[in-house]
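Heads up, the next two complexes both have chain A, just with different partners, chain B and then chain C.
Right after this comes the complex of A and B.
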C-alpha cells in the first residue's frame, strides 16, 4: 500500500499538484482583494441602490495616505492599516456628505447618484494626481523574507498575510452585519427605507455609518492593491473589478460579493496562466457576458425588477 | 489648418460623441461607462480601412458606423433586460477588453503604438455639416415614437412595460443608435488627428461625456449642445490651469447635480423659445385685431 502510494505520488504529479496549488493560492489572495472591494461597493449598493464609483477614489486616497504616514512615522504594517482604515472611514463620511446627502434628502433620480459618485471618483483621483504627480510609488518591503521556499516552490509571504487579514476583515464585517444593532439597521435599510424610518431609526446616521464601514473596507483594499501592484492614481479603476465581482455574485448581496470576488480572482489567475496577462480583461469580459446570459441574478442573488 | 479651426474641429468631433451620450443617458437613462470604447471601434475601423484599402472616405465612415453598431448589438443583447448597473458594468468591461485586444493584436492594430499616417480629410466645414445632420437626426429621434418610448423607459421601466412598451427592445434600439453615432465621432476623430492609439479611450472619457450631458440638462438637446461646446473648448482656454481644470470641471458637475438636479436647461429646448415668441406674436396680432 505504501509503495503504491509512493509510486502514485511521483515527482511529476507532486510538481503538477504544487503548481496548481500555487495558482489556487495566488487566485485566492487576489480574490480576497476583489472581495473586499466588492463588499464595500455592495454595502452602499444594498442601502442606496446605486453603484458607488467614488469607492475607487477613496481607495486611491487611502493607499497614498498610508504611504505618507508610513514614511513619516515609520509605522509597522498593522498600525498603518488601522490608522488608514480610520482615515478611510472619515473620508467616506465626507464624500457621502458632499455627494449624496442632498440627493438623498431630495429623493433624486438614481442617475444623479451615478453621476455624483463617478464625478467624486474622478475628483479624488485627480487630487492625488495633483499632489503626487503621476509617478509611481511603492510601499517599503514589509515582510522579510518576501518569499518562502517549499520544495522548490515559492510562496509569497505578503499574499498569505493579505489572505489572512482579508479573512479577519470579512469575518469582522459579517459579525457587524449579523450580530450588532447597527448591522440589523443596515440590513433593514437595505430592504425598505421608508419602513425603517417608521421604526424609529435615524436613516441619515445609519447611511453615514454604512459609508464609514465601506470607507474602512476601501482603505484596506487600497493598501492591499498598493502592496500587490504599485501605487499609481489609476488604482481608482480597480473599483471596476469590485463591481464585476459584486454583479457576478448577485448585486446587493453581501455573501454574493464574497463569492464573486473570490471566483473572479481565481479565474483571472487561471486566464493569466493560460493566455498571458495582456488578454485577461478580454477573457474576463467574455466570461462575465456568458455568465450574465446564463445566470443574470448572479451566484447568490434574487433577480427582481424594481421600481425606479 | 489654423489653430482655431483645429480646436473647433476636435470640439465638434467631441460634441457629436456627447450627443450620442445624450441619446443614451438623457433619453433612455442607460448608464454606459464604456461609451468611449465605441469611439475606439469607429476610430480603429477607419484607421485600418484608410491605411489598407483604397475606399473613398464616405464608404469608410459608413463601414465604421456599422462596426460600432454591430459591437453595440453584441454587447447590449445580454444586458438590456437587466438593471442599469449591469449595462454600466458590461460596457465598462467592453472598454477594457477592447483596449487589451488592441494592445495585443499588434500585427493588425499596431499595438500600443496605434495607427499612424491616416490621411487628414476632416475639415471644419465638413464637421459643421455632419454635426448639423446629427443634430437633426437626434432631434427627430427624440420626437419620434422611439424617442417617446425611451423617455417612458427612463422614467419608469415597470410602468413603461405596463403600457405595452417592449422595454428591452427600446433600450437595445437606443443603445445601437447611440453607439453608431459614437462610432461616427470616432471615425471623424481618426480623420482629424491622423493617428489612433488605444489609451485615449478610457472610461474617464465616458464619464466626462455623461457629466457634460447632465450639466446641460437631462432632457434637453439644446443644453447638451451648449455644455458640449463649453466643455470641449474650455480645456484650450484654460490650458494654463492644467491639472486644476479637471478639479474645476468636477466641482461644476457636483454643484449642478446637487442644486440644479435637472441641469442648466432642464426639459427646455431652443425651439421652445421660438415657439413661445411665435405664440406671443400671434397673441399680440390677435389683440391688435
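Right after this comes the complex of A and C.
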C-alpha cells in the first residue's frame, strides 16, 4: 500500500499534474478575457438582437486610451483600469447615440444595425491607426517580478491578477443583472421590448445604460488584451473570439457567454500545447463547428418557444 | 377622464381605426367589444403610445396625453397587453418590480398585490413562464397595478383561459374597479364584458358602430345577433 502511494505521487506524476494545472490556469485566465469580451458583446445582442462589431473598436480605443493616460499621469494598474472603464462607458454611449439611436427609433431592419456597428468598429480602429500609426506599443511592466516560482513552477503574475480582476468584474456584472432594478429591466428588455415599454420603463435610457456597461467591459477587455498580447490597432479582431465564445455559450445568453469564453480559453491553451500556436485558430474553428453541429443552441442556449 | 377624439390609425396602407371617439368616465368600467380585426387592440395601443395615431386627439383628465409610452404610464394609464406578456424568464417578484415606477412604493404595493392574489405570494420566486394561464393573468394584472394607475386598460383578459378562470379574472377586475381604478376593457367575449361594464362601445371595421349603457345594449337585437349568439 505504502509503495503504491509512493509511486502514485512520484516526482514524475507530480510534475505532470503541475503541468496540466498550469495549463488549466493559463486557460482560465485567457478564457476570462474571452468571457469579458463575450459578455459585453452578448449584453447588446440580448437586448437589440444584433451582433455589435463596434465592440472591438471600443476595445481598441480604450486600450490605447489606457496607454496614453498611463504614460501621461504615471498611473498604477488599478487607477488606469477604473478611468479607462469610465471612458469606455462614455464612448459606448456615444457610439450608441450615433450608430443605433436613430435606427431604433425607426425600428429598422436588424441588417442595418449590423452594418452600422461594423462601420463604427472600422472607423474607431482607423482613428487609432491615424493617430498612433500601425506600429506596436506596449504597456510598461506593471507587475514586478513578472513571474513567481512555486515549487519550481512558474506562474505569470499578470495572468493571475487578470484572472482575479475578471472574477470580480463578472461577479459585479451578475450582481447588476440579477439584483438591481436596472438589471431586471435589461433582462426584461431582452425578453420582450414592446411590453417593457408598456410597463412605464424608458427603453432608451435602459439601452443607453446597457451600452455603458458593455463599454466598460470592452475597456477592461481591451486593457487585458493589451497586457496579454501587445497594443496594435488590429486588436479589435479579438471581438471575434468574443463572438465565437458567445455563440458557443448560446447567443444572447449571458451566463452562456461566460461558460463559452472560459471553454474557448481553456481549449485554445490545450490546442496551443498540443499542436502549436499557428494551428490554434484552425482547431478552434473546427471544434466550434463540431460543437455547434452537436448542440446548435450552444451550452446554455434554449430554443425559444413562442406561442402562436 | 379619458377622451379619445376622432382618432385614426393606419399601418402603412391598412386602416385600423377611423375617426374613433370614445370616452371613459372616472370610476367606471367601460368595455369595447368587437370581432377579430375590428381595431380594438389598435385603439388601446394608440392610447398607451405603442402605436402612433395619424389623426385626432387623446386627452386624459382634460389635458392632451403624452406620446411616449413610459410617460403615459407615469401619467396614470397602464395597459395589460393581449396574451398577458409575462416576462417568462423573470420571477414573479421581478415581474412586479418591472411594473413599479417608484422604487419606494414597491414594498407597500407588492403587499397589496399579494393580498389580492395570494397565489402570487406562494409563487414569488418562481419564473413567470411556469405559472398557469390564470396565474399569469393575475400576475399581468398585478404587474400593471404596481405602477399605481388611475386607469387600467385590459386587452382580452379572457384570452386562452378556461371559462371558470375567466369568471375569476372578471371578479378580480370588478375588485380592482371597486378600489377606485377606472377600467377600460377590451373583449371578444361580449357577454362577459357587457355583464361587467357600465358602458359599452361596439367596434366594427375600425369604426364605432354602436354605443350605449351596457344593460341597454345587451337588449339590442343587432348586438344580440352579432355578438351574443342569440338566434
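By definition in this document, the second predicted complex is superposed on the first by the 296 of 308 C-alpha atoms of A that agree within 3 Å, B and C clash if a C-alpha of one lies under 4 Å from a C-alpha of the other, contacts with A are read in each partner's own complex, and residues count from 1 in each chain.
In the analysis below, contacts are C-beta pairs under 8 Å (C-beta built on N, C-alpha and C of every residue); 3 or more make two chains touch, one makes a residue touch a chain.
Predicted model only: the values in this text are computed from it and were never measured.
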In the overlaid three-chain picture, which partner chain does A:25 touch, first (chain B) or second (chain C), both, or neither?
neither
When the two structures are overlaid on chain A, which partner does A:118 contact: first (chain B), second (chain C), both, or neither?
first
Where does A:86 make contact in the superposed view: on chain B (first), on chain C (second), on both, or on neither?
neither
Compare chain B and chain C by how many residues of chain A each one touches, and report the one with more.
B
After lining up the shared chain so the two structures overlap, which partner does A:184 touch, if you call chain B first and chain C second: first, second, both or neither?
second
So in the superposed three-chain picture, is A:194 touching just chain B, just chain C, both, or none of them (first/second/both/neither)?
second
A:157 in the overlay: touching chain B, chain C, both, or neither? Say first, second, both or neither.
neither
So which bits of chain A does chain B touch that chain C touches too?
307
Which of the residues in chain C come into contact with chain A in the complex?
48-50, 68-70, 73-74, 78-79, 81, 83, 85, 87-90, 94, 97-99, 101, 103, 143-144, 147
The residues of chain A that touch chain C in their complex are 181, 184-185, 187-188, 191-192, 194-203, 307
Contacts from chain A onto chain B in the complex sit at residues 45, 50-51, 53, 98-99, 102-103, 106, 108-112, 114-116, 118-123, 126-127, 129-130, 237, 240, 243-244, 247, 251, 276, 278-282, 284-286, 288-289, 292-293, 296, 303, 305-308
Could you pull out which chain B residues touch chain A in their complex?
25, 29, 31, 33, 75, 78-79, 81-86, 88-90, 92-94, 96-97, 99-101, 103-104, 155-158, 203-204, 207, 210-211, 214, 218, 243-244, 246-247, 250-251, 253-254, 257-259, 261
